[in-house]
Structure formats: structure tokens, C-alpha cells
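Two complexes follow with chain A in common, the first pairing it with chain B and the second with chain C.
And then the complex of A and B:
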């Protein structure tokens, strides 16, 4: 038991050293836990199944890298088409979500009206909302309107789940942008619109890059909405299309991990080059 | 409501026109119309429509008004409470474990250890990797025939024969939980790390000068600064996990024998396997009201809207 005077059974130095060891051990354990699955995916993707499963055991030290799995994907699956579908709806919803969020964030911080806390609650409620609980009503409406199996419907559905957090993020972000900048532009005779274009948008850039990354990640990651909205094979996004790969006799773990590696490229690039924007998003709550 | 809002917006607009800057009304519209239109089209209309549907038997083919009949049938069926229980178990286990791992790692990295930046970058992957990819990884690792975990456990003599984790009654839920924690622990980690890095280092310096132990510093400085964030993580992450669909659907489809069927999985089954939209929308309605109830508590307890309004 810790005592109020801070005395303990072991000397201060030993205590410090033990603490240091515990810290590094925790870091090591969590790194290993995090790295192993990613490593397994990469290795199986880049060697042929013959190499991976040689001798009845899984061989995870890559000795003979091969593009065989990727060639099979290109040759005998619709991987390319699925990727195109994913890109269309992901980019569409990223642009839509970010645009709505920038406009709303600017308006909500620059105009005064009562009922703002109601608006904030509505945004937060939709932010916590369950994608599947929203997917059922959207399915019903899209089905009534004959919009199932369209990029347009899926783009709207994806925007529905990413926009609330993006709005919240931009709302918080614009609060940190002093209105004095805009006022000094007005004083110099700039119109309100010109001020937005030349002063506000450049200053808000880190904010909307951050919002765009979250919107992108949500849409790229999505399985639920695409599964519900798209039922025709040629409209599948890559996550829905690839989720059915393992059910096919002709596709094994090699191709499955190869497509996983391809799906992971955009997240990988974000982690590498846009990390600070992502961390900024986490400082106001993060998403799903 | 909408006319009240309109007059408020108009009042706001005229207040700005007095500042003698042009184009204000149009700007006001440009700011709010996209957001309002969007909320009405993808949130309000679908939800109201679906809630209406939940009052009908076979609402698609030949609708017959049954009032709250679907809700009564749903809540009166013992299976519902089993699925609710599965949701609670899954939400509590994944949220609790994610918080423990996320907090541990955030405290570790905040010590400015060697390799800390690399470890932080590494933790972005689970968060950003699509759920499907995470499922593939873990399905492979836990596979009974070729999975490396089974290979390891058999070699080490811990088990006699391989275990089909995702399709065995007692292991399915733990396997789904581990897979989920792998993906979602980073969420707690990044939020807590952001809070930790915002603590004034002078506080620790002063505590050290006064002879406080590491534990005392944690209890009296670190923890009070993290408490709000921890509660938010428990609440928001808990809600999200309670409502999680994709990770469970992709790993077990809710099986074996509905062992991992949570409410979100059940909604999907009702709508798309049993094509019973009356019951599916009723269950979605129940989940909607559950969420609304939790949201009311959240707003009362934390007043999160104070951050912006």
C-alpha cells in the first residue's frame, strides 16, 4: 500500500528502474500485438501460396517474393471494378461531407442565433448514431425511390455517417480562428464572400484537411452501408466485393491477403504523411 | 419550429447587414442550407419513414396497421433479451479492454520513451485499416487448420487439437472481442494521449519537488485530468460498440447458434435474411430510443454542447 509519506519497501533507484522496465515491456507487448497481424498479411500477400504453405506449415519468413497473388486478382476477379466503385463513392462523400462541414462550421461560429445548443446536440446525437440503425431507414427510402445500386445513394449514405463528426470538428476549429482577421479584411473593403475565399479558407486549411481525412477513412472503411445499398455485384465496393472472396473455391488466403494489402494502401499513406491532421481530429473526439 | 428558426436566422442576417458588409444573406444561406437539407434528407425523413413503417405488419407487400404490435411481439420474445445481453457483453468487454490498453499505452508514450513516435504511428494502422482487412488478418491467425495461433498452442503443448475459435460456442465471443479490441484500442489511446500532452509539466515538477511518489502524482495530477476523457470514451465508445455491426457480421455472421448475435446483427437478419421489415424497423426503433435515452443522460451529465455554443 502506498503511504502518504511516500515511503516504500524498495529503494528509490530500484523503483525507478522497475518502472522503466515496466514501461518498455508494456510498449513492447502492445507493439508485438499490433504488428503481428499486419506482418502476417503482408508476407502472405507477397509470396505465392505454394511458398506460404510449403511443408504443411505456414512459412512466414519471406524468401521468394512473388506477384502471383496480385496477378490472380487482376486476372480472375473484379477487383479493379470494386476499387473504382470504392473510389467514386469515397471521394464523392469526402468532398460532400467536408463542404457541408466547412460551410456549417463557419456559419455556426460567425452568425448569432439562439438554438445553437440544440443544433450542437443534434450534431452530437447523429455523431453517436449507429450506422446499421440508419442503414435500415435509408434502405427503405432508397428502395422506394428506386435508388438502390447507385453511386449516388451510397455517397449520400456515407456522407450521412461522416458529416456529423466533420461538422463538429469544423465548428470547433473555426472557434479557434479569430474573427479579427476577417474584420480587418472588411475594413479594407473586401466583400464578405471575398473574405471567405481569401482569408477564411486558407486559415481553415488544417481544419478541413483533418475533416476530409476522417470522412475519407469512414467511407473507405465502410462495409455496412455498401452491403445494404448495393446488391448487384458490379456495384460492390472493394470491402463488400472482397468480403465474398473467401467463399469462392478459386480464391485462397494468398489472394485474400493481397487484396487486403491493396485496400490498406490509402490508410497507410494517411498514417505516413497526414498523421498530424489525424491527431488533430482526435483532440476533438475522433470517429467510430 | 422551422418558421421560428427562419425568423431567428433572418434576425441574425439583419444584425450582420448593419455592419454594412454586402452579400451577407446569401452567405448565411450558403452556410446553413446544405447542412439543413442534408439532415432532413438523410436523417429526418428516413428515420420518420422507418418509424412509421414499424407500425405495420408486412409494410412492403401488403401493409396492415398493427400499432405497437411489432414492438410488443419483439419485446415479448425471450430471444430479444438474449440478443440485448450479447450486445451488452460485447460492448462492455470491448470498451473496457480498449480503455485499459489505450490508457496503458498513452501513459507509456507520454514518458517520452525511445521509439515512442514510431509506436504512435504504428497505432494509427489498426484505427485506419478497414474492418474487413482486420477480420481477414484475425480469421487467418485464428484459423483451425492453418492459423498460426493454433500452430503455436499445439506446438507449445497447451492444447491437444486446434480450436476453431470463431465457430466454437465458448470461443466465438472472446475471438470477436479480441479482434475488435485490436482495432479499437487506438481510439482510446489517441484521445487520452492528446489529454496527457495537454497537462502542464510544471505540475509534475512541483509534485516532484514536494516529494510525491509516481503513484501520488498519477492519482492527484494525471487521473483528474483524464477523468472526463475516460468517461467520454466509456460512454461514446460503449455506444458505438453496442451498435457495432460490421466486425461481428464479417467474423461470425452472429453465430454459432446466435452466440454472437447482437441487436445490430439481429436488425440485419430481420431485414435481409427474413425480409420482415415490420420487425426490422421496430427493432431499429427500439435501438433508436435506447440511444436517445443514453444521449439524454450524456447531455445532462456532460453538457458537451457547451464546447461550441
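And then the complex of A and C:
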């Protein structure tokens, strides 16, 4: 019997080779669906429409790069304003959401209070809401408070979407931070606040960077909340603004892809920039 | 400045879901200033909880804790001049070894130059000078433990608390660090309180051993006293390796003599012994005090099951004829193998007699008058 002698039908080397082929095939398949759309976006964005559509078909090998699409965006649309709006509310919401998450996560793991498990369950429950469920109630709230069309209101609305998950994340993360680290600092004379600053936050850095990245992604890619809270053109975020371009006659594929490329830049920078911190953070967290 | 520590009917209860668990049950205790006191006992006996109350990390449910004349019961950990080494070592992973050791000094506003000087001094004592600029993750377990110790004593605490600091280290490192900690204690003007479940650590390091059982005090005495005069069967069995043999005996009276009848042996007690006149008692005899052969007054035979050779001596694990487990430590049993029957003997002077409630009712040595040491009861410790 093949199994009784420890040999299988295919040799060990063949198995390894098959395994590698399977990995490459999977990787290839994934890249087809991720890299190709990005490539198409970039190519259309950096060619003028004339070049792209020359000869009655879509040319996807860039021959004449030009900044024409970006110049059109700058010249005849409010792209810059939308972009700034997006940056403002995204930054605000990321900071707010991460701060709430760190405070709540610390509180949920370090203090005992009545209703603690209820609070924790409420957080998980609210995480399951789709943004659209919150949109109308929030509209009513902001309308009543006279906050519609303000960065502040949109920041709060975006935080409402991202905070539950961020809190849950930090809650889980703080459970992995040994309380002995804090106790050791207290015994050495550090106040609770000083301990949070010197010990808890540095050790929890991988956790809150992950939370911040999530909050950033939610806020930057948001469409629903911006559409509901902002009704004046000059307050639109870049996602809402870009979607409106498609309705205009004067704006075509080229400009839309150009604005898409602009939208992709901040997430790309974040991934590039924070990768270092994330890796560093993980190696620190790996000590315990 | 070292300080004495006084616990007065300290009680700690933990409540979870309507259950009340008494971790420390009305414990009263004096720890002399500058002494090395060890809390020992099995897991869950309340030793770590007691230590945490000394640190201020737990507040007693009732009772008072004082350092010297100062009542510190409700003082937060920040306001007590104590240092603590945690079981999990608890080094800050994001700080270098130097920063780890100096963190307490930094909190107290010690200027950088002086801080560095004291850190270097501490590192020299602990032989970790070469590791000062490394991160904790780069150190071995023993080095991490030394760093934790350094961080604790560099602050010159009144009380140094150590919570099972060696439980994760291997045997060789343990014995090295044991010596190191004792040397530190001699150099420092500090009261050391050490928690361990390892009776060897307790016996080898301490001036005074506090043996706890279910949150209550079982016995407080210097190690030698604890070994020679355990006040209960629990203490006799906990202290000493291997554990004290305990054998059920019937008490009989014959011709005015009190005789203990055990499985395969009889032991007559001398006249005037304050032993029960009937019923049952338990006889305790340390494996080290058994002689192979028949030199002792009382002889019995052991069926050998396992022999552990330790080099200069061997530990024989066996059973008496009624199945009671019985261990013998001797240097004359090298050729014993499982299945052998070993004849051993002992003298009354080396035995303890425990009443049915587990209290020691007789120390053999007191009756036989062979040892000159004073009876148990005083916990005198010289710092």
C-alpha cells in the first residue's frame, strides 16, 4: 500500500510545485481584478480624451501622457474645494473616532461599572447598522440643531459610523495589554494619567493605528452621509462631487478618472506611510 | 529607609456574580524592618493578594496595613515608597533597558545625569551593563528578570515586593538569582517581602517564612524553626522536600505505657507525654530522618516503587504494608530497585505526632530531649 510505506501518489517535490502553482494562480486571479481597474484608471486619467479614443477604440497603452484632464478639473470644477472638504471631515472624524475608541476601550477593560456588558453589547449592535439607517435620523437631528451643511455635522455623522467598530477593536486590543505594565508604573509613582501617556498609549499603538486606518477608510470613502448632511454644492466631499461629474455634459471619462486618481492618493499615501509604523508596532506588541 | 510592616486583621473579599470569595481571612502579622520575609503557600492561599495590598494595588475589605507607624491602608500605590517585581516581569516593551530601569526615577524628577549614574550602578550589581541600550525583547528570560529587579531597587524603596519573580525561569537561573537577591538584600536598607509557591525558595532565602493556607496564617517562623517545629500536619507536609511522611496510627495503652500502633510498627511513647489516651493520631516523619537498617528505635518496612538518584543520595518512593505512601531519603539505598522491601528505622526524636484536627500535639525532639533548640511559638527575627 502506498500509504503504509509513507509514499503518496505524487512525490514530495511535485506536491510542492503544485502548491506553488496554486499560489501563483490565485495571486494572478486577484491581481486581474485589482490591478487592471487601477491601471485603466491611471491610463485614462493621464491621457487626453482625444488620445484615449483615437482610432475609434479605447487605447490602454499610454503614448502621449498629458495633464489635460487635471487642468480641466482645476479650471472648470470645484474639485479642489471638494477635496479640501473631504480632507477636513476625514481628518476630524479619524481623530475623533480613534480618541473615542481609545478612551472607551481603556474604560471597558480597566474599570468595572454597572451596565458594562450592556454598553459593550450596544457597541456591537450599533456596528451592524448600515449608514443609511442612521442617515435620516441624523438628518433630523442636525436639521433641528441647525448644523446642516457644516463640516462639524459631517464629522460627527462619519464618527457615528466608524466609532463602534473602532471601539470594539480597541476593546479587544486593550485586553491583550497586560495590566501588570500599568500596575508596575503606578507602584513606581506614576499617576494614572501619566501611565496612560507613558505606557498604555505606546504599547497600544498598533491597535490605535489600525483603528485610525479603519476610521479613515470609512470617512474618506463615505458617500451616504455626505449626500444627506451636505446639500450645498460648495460643501460636497470629493466622493459626492465626483459622482455628480458624470451627470455633466462637459465632463467625460478622462476627467472622471482623473478625479478618481486624486481620490486614491490619500489612501495610497496612508498605506505607504503607516506600513512602517504598523510593522514596527507589531514587533513591539510581539514581546509579551 | 527600611520600614517595618504591620497587618492587623486584614481581610480581602472578592465578589463575583453574587459569590463572595475570601482571599485573605483576618490576617495579622508583623514584618520586622529590614527583614527578608517570604509568603509561601499553594496557589489560591492569598499570598499574592496580601502582597498586592502591601503595594496598594488592592484595598483591604477590612483591617489595617501600616508601614512603621503610618497607616497606609487606603494610600494609593503612588504614595507608598514601595517597589514591586511582577510575576510577568512587566518590562515596558517600547523602552530600552536603561529607560525601563530608570522610569521610576524619571517619574520622581531625578535629573538625567544622576539617573544615569544610578542606573549604571544598578546594572553593574546585576551584571547587565552590556544590555543597557537593548530593548527588552532582545534579552533572555534571566536578563529580563534582572532588569525588572534593577528597576525595583534603583528607587531605593522602603519595601521591596517580589511576586513569584522566578516562576518562569529554569532551575540553574533560579539558583543564581536566589543568591543575587539575597546579596541585594544585604546591601540594601530595605524590607523585602517575597511571594513564592516554592518552599525551597522560601527556606533558602528568608529570615522569616509566612506560610498561608486558604487565606489564613498557618505558621510564621524562621525557616529552621518551621522545618523542625511545624505546628500542624499541613506545615510539616508543605515544608521539606520530599514531603513529610504521614501515617495513621491507633493509640493504645499497655501496662501504663502509651503505644502508637501503625502499619507494621509500634512506637511507645515515654511516660509523661501529653498524648491522647485513645483514638487515632497521625505520625509524621521526614524522609531524611529515616535510617536504612535497624539502628533507630522504631522499625518498619517499605515496599519500593520508584527510586530517584540525586547523586549523593537517593529518594525512594514506596508504600507501607497498608498502602500508605512512604518516602525515604538515604545515601545507602543505591542498589534498591522497584519491588524490593526496604527495612528502615527512626527515633522518636525525629517524629511529629498530629492530632485528628491536624495540629501538632507532640514534637518528638522535645520528649527525647535530643535537640537543644527552643520550642516553636516565637517568631524572633534579627534583621
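We adopt the following convention: the second predicted complex is superposed on the first by the 240 of 288 C-alpha atoms of A that agree within 3 Å, B and C clash if a C-alpha of one lies under 4 Å from a C-alpha of the other, contacts with A are read in each partner's own complex, and residues count from 1 in each chain.
To be clear about the criterion, a residue touches a chain if its C-beta (ideal position, glycine included) is under 8 Å from a C-beta of that chain, and two chains touch if they have at least 3 such contacts.
All values derive from a computational prediction rather than experimental measurement.
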| task | Classify the contacts of A:221 with the two partner chains as first (chain B alone), second (chain C alone), both, or neither. | result | first
| said: Between chain B and chain C, whom does A:166 touch in the aligned arrangement: first, second, both, or neither? | reply: neither
| According to the contact criterion defined above, which of chain B and chain C contacts more residues of chain A? | B
| message | Touch test for A:46: chain B only (first), chain C only (second), both, or neither? | response | neither
| So, A:202: does it touch chain B (first), chain C (second), both, or neither? | second
| task | Report for A:120: first if it touches chain B alone, second if chain C alone, otherwise both or neither. | result | first
| message | Contacts for A:129 in the overlay, against chain B (first) and chain C (second): which applies, first, second, both or neither? | response | first
| Which of the two partners, first being chain B and second being chain C, lies in contact with A:57: first, second, both, or neither? | first
| message | Output check: A:191 vs chain B and chain C. Expected answer is one of first, second, both, neither. What do you get? | response | both
| Which residues would you name on chain A as touching chain B in one complex and chain C in the other? | 186, 191, 283, 285-286, 288
| note | Within their complex, chain A touches chain C through residues 178, 180-181, 183-191, 194, 198-199, 202-203, 205, 283-288
| field | In the complex with chain A, residue positions of chain B that touch it | value | 5, 8-9, 11-13, 15-16, 19, 21-24, 26-28, 30-32, 34-35, 38-39, 41-43, 45-47, 49-50, 53, 101, 104-105, 108-109, 111, 113, 115-116, 119, 121-126, 128-134, 136-141, 146, 148, 151, 182, 187, 190-191, 193-194, 211-216, 232, 236, 239-240, 242-243, 245-246, 249-250, 264, 267-268, 271-272, 277, 280-281, 284, 287-288, 291-292, 294-295, 298-299, 304-309
| note | Given the complex, residues on chain A that touch chain B span 2, 6, 8, 15, 19, 23-24, 26-27, 30-31, 33-38, 40-41, 44, 53, 57-58, 60, 99-100, 103-104, 106-117, 119-122, 124-126, 128-134, 136-141, 156-157, 159-160, 163, 167-168, 171-172, 175, 186, 191-193, 196, 217, 220-224, 227-228, 239, 242-243, 246, 253, 256-257, 260, 263-264, 267-268, 270-272, 275, 278-279, 282-283, 285-286, 288
| remark: Residue positions on chain C within touch of chain A in the complex are 55-57, 76-78, 80, 82-84, 86-88, 90-94, 103-104, 107-108, 136-137, 151, 155, 161
